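Before we start, here is the structure in question, set down as structure tokens.
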Amino acid sequence: MGLRIINRRPGRGGALFWGALPFLAVLALYLTFSAMRLAENPNDKLLPALSTIAETVVRLAFTPDQRTGQVLLWVDTAASLARLAWGLAVSAALGLVIGIASGLVPYLRAGLSPFVAVVSLIPPMALLPILFISFGLDELSKVVLIVIGIAPFLIRDLAMRVEAIPPELVIKAQTLGASTWQIITRLVLPTMLPKLIDALRLSLGPAWLFLISAEAIAAQDGLGYRIFLVRRYLAMDVILPYVAWITLMAFLMDWGLRALNRRTSPWLTRGMA
Amino acid sequence: MGLRIINRRPGRGGALFWGALPFLAVLALYLTFSAMRLAENPNDKLLPALSTIAETVVRLAFTPDQRTGQVLLWVDTAASLARLAWGLAVSAALGLVIGIASGLVPYLRAGLSPFVAVVSLIPPMALLPILFISFGLDELSKVVLIVIGIAPFLIRDLAMRVEAIPPELVIKAQTLGASTWQIITRLVLPTMLPKLIDALRLSLGPAWLFLISAEAIAAQDGLGYRIFLVRRYLAMDVILPYVAWITLMAFLMDWGLRALNRRTSPWLTRGMA
Amino acid sequence: MSTVRVRNLWKQYGDQVVLEHINLDIPSGEFCALVGPSGCGKTTFLRLLLAMEQPTRGTITIDGKPLPGEPRPDRGVVFQRYSVFPHLTVEENIVLGLEFARAPLTGRLYGAKKRRALEEVAETIERVGLSPSRTKYPGELSGGMQQRLSIAQALVRKPRILLMDEPFGALDPGTKAQMYVLVRELWRAERMTVFMVTHDLKEGFSLATRVLAFDKVRHDPQAPEAYGATVKFNIPLDDKAERAEIVSKLPALAATENEEGATRGRPWARLFDFAGTTRRKRRESHERTSV
Amino acid sequence: MSTVRVRNLWKQYGDQVVLEHINLDIPSGEFCALVGPSGCGKTTFLRLLLAMEQPTRGTITIDGKPLPGEPRPDRGVVFQRYSVFPHLTVEENIVLGLEFARAPLTGRLYGAKKRRALEEVAETIERVGLSPSRTKYPGELSGGMQQRLSIAQALVRKPRILLMDEPFGALDPGTKAQMYVLVRELWRAERMTVFMVTHDLKEGFSLATRVLAFDKVRHDPQAPEAYGATVKFNIPLDDKAERAEIVSKLPALAATENEEGATRGRPWARLFDFAGTTRRKRRESHERTSV
Amino acid sequence: SPAGAVEKKSFKIAWSIYAGWMPWGYAADSGLMKKWADKYGINVEIVQINDYVESINQYTAGGFDGCVMTNMDALTIPAAGGVDSTALIVGDFSNGNDGVVLKTGKTVADIKGEKINLVQLSVSHYLLARALDSVGLTEKDVSIVNTSDADIVSVFTSSSDSKAVVTWNPQLAEVAAVKGATKVFDSSKVPGEIIDLLVVNTGTLKDNPALAKALTGVWYEMMEKMAAGDEAMLTHMAKASGTDLAGYKSQLVTTRMFYKPAEAMEFTTSPQLPKTMDLVRTFSFEHGLLGEGAKTKDAVGIAFPGGEILGDAKNVKLRFDAEAMKLAAEGKL
């Protein structure tokens, strides 16, 4: 009898092959449907041919716009990335600070955890007007929307993880004379760092989503702005590469965060612990 | 010297008091700003007085609509809850099945995990036209939007958790003669159930968000639809109670899921393990 | 039958050689005690036998067939840090092995079948002294109770090869004595091949029919990681009645005994020097005191 | 100074009474060995001393003052399941106590200070035999190595009261002997009060100056959970030189000895029955063999 | 499917909330649509889509046989996307329903240098271009911030960052009501340029003449009721658009409804329409709305009732057709 399926491991090449398979399947699906639709209506905009998309990409990424003289894709990317970076950084900081505080200190937990839970459940899009009076219409409100969107998740996740630290370790630290602050710097922060990074990885999708939504509300540049703008005439030849580009960047961030995790927390992969 | 702050615990009453505090603070802030704005412009719609909100609530929640004879709030709630329930149920099922499969079986992990990671990073709002063409504009597409929005998170989170099951336990099960399927039913499923419920709790916010977005695009009832409809008139006296109502329901779900966790997994709270 | 043969086995973690050049022939039914200094690789050896880890070099065969590359119910295990299933009660943990065998689909027995299975394990539960804690979860048990639970769990499946990593380390002498009786009974009844890591030499010599002492034979003070441990002494306890029986059944194996030069002239008597006990104890311990 | 006084201590988990009616007076500097059957509540007692758990009834005082309601550096601990910090290397785990003391703000030393601290702990690392594994993470250590790490970690802070839960259970005799020397030295030098749970009676009697045997004295076969364990035998080992010294310094305490009727007439000699060893060993073990 | 040249029985029409299109909701709810569909032996499903652009996208992608939209969107989305579309019913034109509102300025000229919130590339954008034109400014003199129609009221009301908006009703009424705000320009100054249409796939229409008859029939029955001031109908439509009767009536004031088919026919066949469409297509081309393939504004052909064609005659994708309205006017439905 062969090995159980849970004990069989693909090699490097195998992993690559299996990993690529679903992507190829989706691509094949797209090409089929696109070809079908284009056969019916050569001007179909919903699923443009790859060649059309390629042309558009060349125009967006390498040709300066006639009106502004800027290369649209890069302008949009720079604007969006700046907003995203701010949003992620602020959210991560909040997640770490409030998450640790509320996970570690029972009084803060009592005070914060129901509030954070409720805030995390409020649909932010419905309260945009209130956001606008408080934070204006510029970059700030976009960053704030990202923060409102993902910080509550980060806070709750981190707080749950802090609560799950084995009590023996916290006790041990105290018997070694650690103050609360030292427990945070030497035990909680280093063990939470990889959890924070994992949580950030899981928030990348929502963060981009909130960014794009924010850019749809009031903006003059940004990837989300462009997508909503061209949606007005169903320019999927622009939307699809933009979405692919966003996904690629998000994937690279995800990959980078994972690599960062391995670097900063070598103990996770060393040994069997 | 007093106890370290991490070792001091509020009593039941204390917890209630501290928990209520931030809510009262927000309420006080609202009342102040609302009064300020109303003093300037008695017709201000942005931050209506509580009395105005109360009147609207009475109208929405207890007065049958002349046109249809139905009470709007309940109709909307029923419609939204049905969609949400479907979305959550399908997502949870997918999260459990694919998450466990890809966390446990190396070949499936190789094949699925990059794909799921990428899917989780695609902003679904940007691909709505394709979504609606594929799934129609009925209930299905709304459920699908919720599923696309939260299932990848659930899948990735569950897969990470399955991978984090101590290898000793999986080995032990195998030495006790467990087949892969038995490992799933007796070890993986029961230990993942509480993690799934926790992950679902964290997805409640996003699930409502996607529901509201879907209802804002194509629906004729539902809480999101109503918010969308009155948003153009800036009817905050409708939006605010609707948002509060959504949040309350989400909070009750969160609370219910937590209670469910304690009931179905008593081992989590028994003993020190 | 479960004859274990190890040929030129090496195991490295990165640059560190943990085990080197291990050769063993263990006849079916032998009770081996593994002793050796802390960190020398005893657990690693068990992990290799379990196929939790793959050897860097060398082979392990059971009855002439290569070791299956994954854990199987023919090899039961009690881990050093006694891991039991945290989500199952004592009773459920112990009956689990039977459920896996009898309910291939769900891994769960119901009704009369469940009751019958519970009755079958009731004696084991009683004998490891966990009857009063039958419905507790592992988180509510003391360290020694968890260890007994882990032993009971492994025994219920009656594996052909039983691997135990310091199984009695967290038990008081009285409980330990009960466990000795339990394990020995099962060993005799099922003719299991047992590998037991222990730090208690007396325990090893009294329970086992063969003692395997792991230690480094080569040292490089400059590079402590360069050399690994091997089986320094391989001591068949020929004076044991059980062992005579095992060997008599396997005349073919008698020859290999001669390979083990180390067993001649009792150089392993030095083993007891570790113990920090006075030499005068040595002979005593070697007498089979009732356990 | 750290005189421990326990008065009418009870501990229940739900309906289960674990400990009942415990009264103790431990003079400062005493080395107490806690023995007793598995699951009787030894660990629970240590957890109470550590203030990890609150007693259901009764009080614990140290030097007359109520036990602080939380763990403090005056009470060091080695847990039964030797938990060390998984994210720190061996060296970092051990030096951590010093860093907490010397870098109040960050809990981390740098540069020359760090080097000095590392030099200070180098001897301890050497003596627990972890020098070659100095830069390994706990996940890469064997069970016994983790246990030694945990001991070294607790010793570095030189607590006034040291609580150890089966600290040498996973060690081979040779390593164990080294650890005995290390712990005894520190105990003498720092005049620590030590509570050590052990299942090795010989270890208890040879290391300690007082043996506390926990066991149930009341049994209800119908409701095994109704009664808890208490200190059945409280045995000051008056024949030890160290003990004479401790008591001589504290004449006030000599009186309380008389409270412990149990120590008269050596009824505790029965303790050795648990051990399953032959009675003839009893006296031998009680002689202080060199450890 | 859009070009499917097969006769079919069931059709789907999409509509979204706007003063001039509210009758479609009433048609579905009141059963009038079913009455007319039954009369011609077909089945017509009227589907409300909240997001206006999404409804057009769905129509363009083939999800619907017809959809309501403005003349400009009909040109730039389905027509430019290769979907041959026919403007079956010309329902109304905006006569003040779209406007430019300033918080501080009092005239169009005050807009210079301002940041303006509007839905870019929509009729609002077109209106702004016309407004700027009227005072000799160009788009370069202002900066445009794309703002979704759902948020425009809250942006203007609650943020001091927002000083100027261009939008349509009902949002227009809300922003114009903001203290101190002035409506400096509206669509009544460019009458007949922003036209609200029911657009149907040309192929489907050709293969299924019954569809045109049923849709036109129901529409003008409703127009009659509306013109007569049917209280129940108006209340129904007011509710559905999220306001009350008074609010809805005020929106109708600035909507030039063609209650009579003859009026609509006359508007469609007038020589003014090609001129309007030329303005629209010029604007669209300049803003890249005719697609990347479009090298000139002639890329997409527009056909008018008299046979006149604007742009590429070999690529006519938008057709104004008065036939059905003519039948209605003649009472032949």
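Just so it is clear, A, B, C, D and E label the chains in written order, and each chain counts residues from 1 on its own.
Heads up, the rule we're going with is that a residue touches a chain if its C-beta (ideal position, glycine included) is under 8 Å from a C-beta of that chain, and two chains touch if they have at least 3 such contacts.
As the structure is a computational prediction, the values presented were derived from the model and not from experiment.
Participant: Which chains are in contact with both chain C and chain E?
Facilitator: In this structure, the chains that contact chain E and also chain C are A, B.
Participant: Indicate whether more than half of the residue numbers at the chain C-chain D interface occur in both copies; give same if so and different if not.
Facilitator: On the two sides of the chain D and chain C interface, the residue numbers are mostly the same, over half being shared.
Participant: Taking the mean of the C-alpha atoms as each chain's centre, how many Å separate chain B from chain C?
Facilitator: 50
Participant: Roughly how far is chain B from chain E, centre to centre by C-alpha average, rounded to an integer in Å?
Facilitator: Chain centres of chain B and chain E, defined by C-alpha means, are spaced 38 Å apart.
Participant: How big is the gap, in whole Å, between where the Cα atoms of chain C centre and where those of chain D centre?
Facilitator: The computed centroid separation for chain C versus chain D comes out at 29 Å.
Participant: Which positions in chain A touch two or more other chains at once?
Facilitator: Residue numbers touching two or more other chains: 4, 46, 129-130, 133, 167, 174, 179, 231, 234, 272.
Participant: Give the residues of chain D that touch two or more other chains, as numbers and ranges in rising order.
Facilitator: Expected reply: 70, 81, 140-141.
Participant: Would you mind listing the residues of chain E that make contact with two or more other chains?
Facilitator: Each of 57, 61-62, 151, 154, 157-158 in chain E touches at least two other chains.
Participant: If I apply the definition of touch given earlier, which pairs of chains qualify?
Facilitator: By the stated definition, chains touch in these pairs: A-B, A-C, A-D, A-E, B-C, B-D, B-E, C-D.
Participant: Inside the complex, what are the residues of chain D that reach chain A?
Facilitator: 50, 52, 70-73, 75-77, 79, 81, 83-88, 96-97, 99-101, 104-108, 136-141, 153-154, 157, 159
Participant: Which positions of chain D touch chain C when the two form their complex?
Facilitator: So the residues of chain D touching chain C come out as 13, 35-39, 41-44, 80-81, 129, 132-133, 140-145, 147-148, 165-166, 169-177, 180, 199, 201, 224-225, 273-278, 289-291.
Participant: Which chain A residues qualify as touching chain B in the complex?
Facilitator: On the chain A side, the touching residues are 4-6, 8-10, 14-15, 18-19, 21-23, 46-47, 104-107, 110-115, 117-118, 120-127, 129-130, 133, 152-153, 156-157, 160, 167, 170, 174, 179-180, 183, 198, 202, 204-206, 208-209, 212-213, 224, 227, 231, 234, 236, 239, 242-243, 246-247, 250-251, 254, 272.
Participant: Any idea which chain B residues touch chain C in the complex?
Facilitator: So the residues of chain B in touch with chain C come to 166-169, 171-179, 181-182, 185-187, 190-191, 265-267, 270-273.
Participant: Residues of chain A touching chain E in their complex?
Facilitator: 37, 40-46, 55-56, 59, 128-130, 132-133, 136-138, 216-220, 225, 228-229, 231-235, 237
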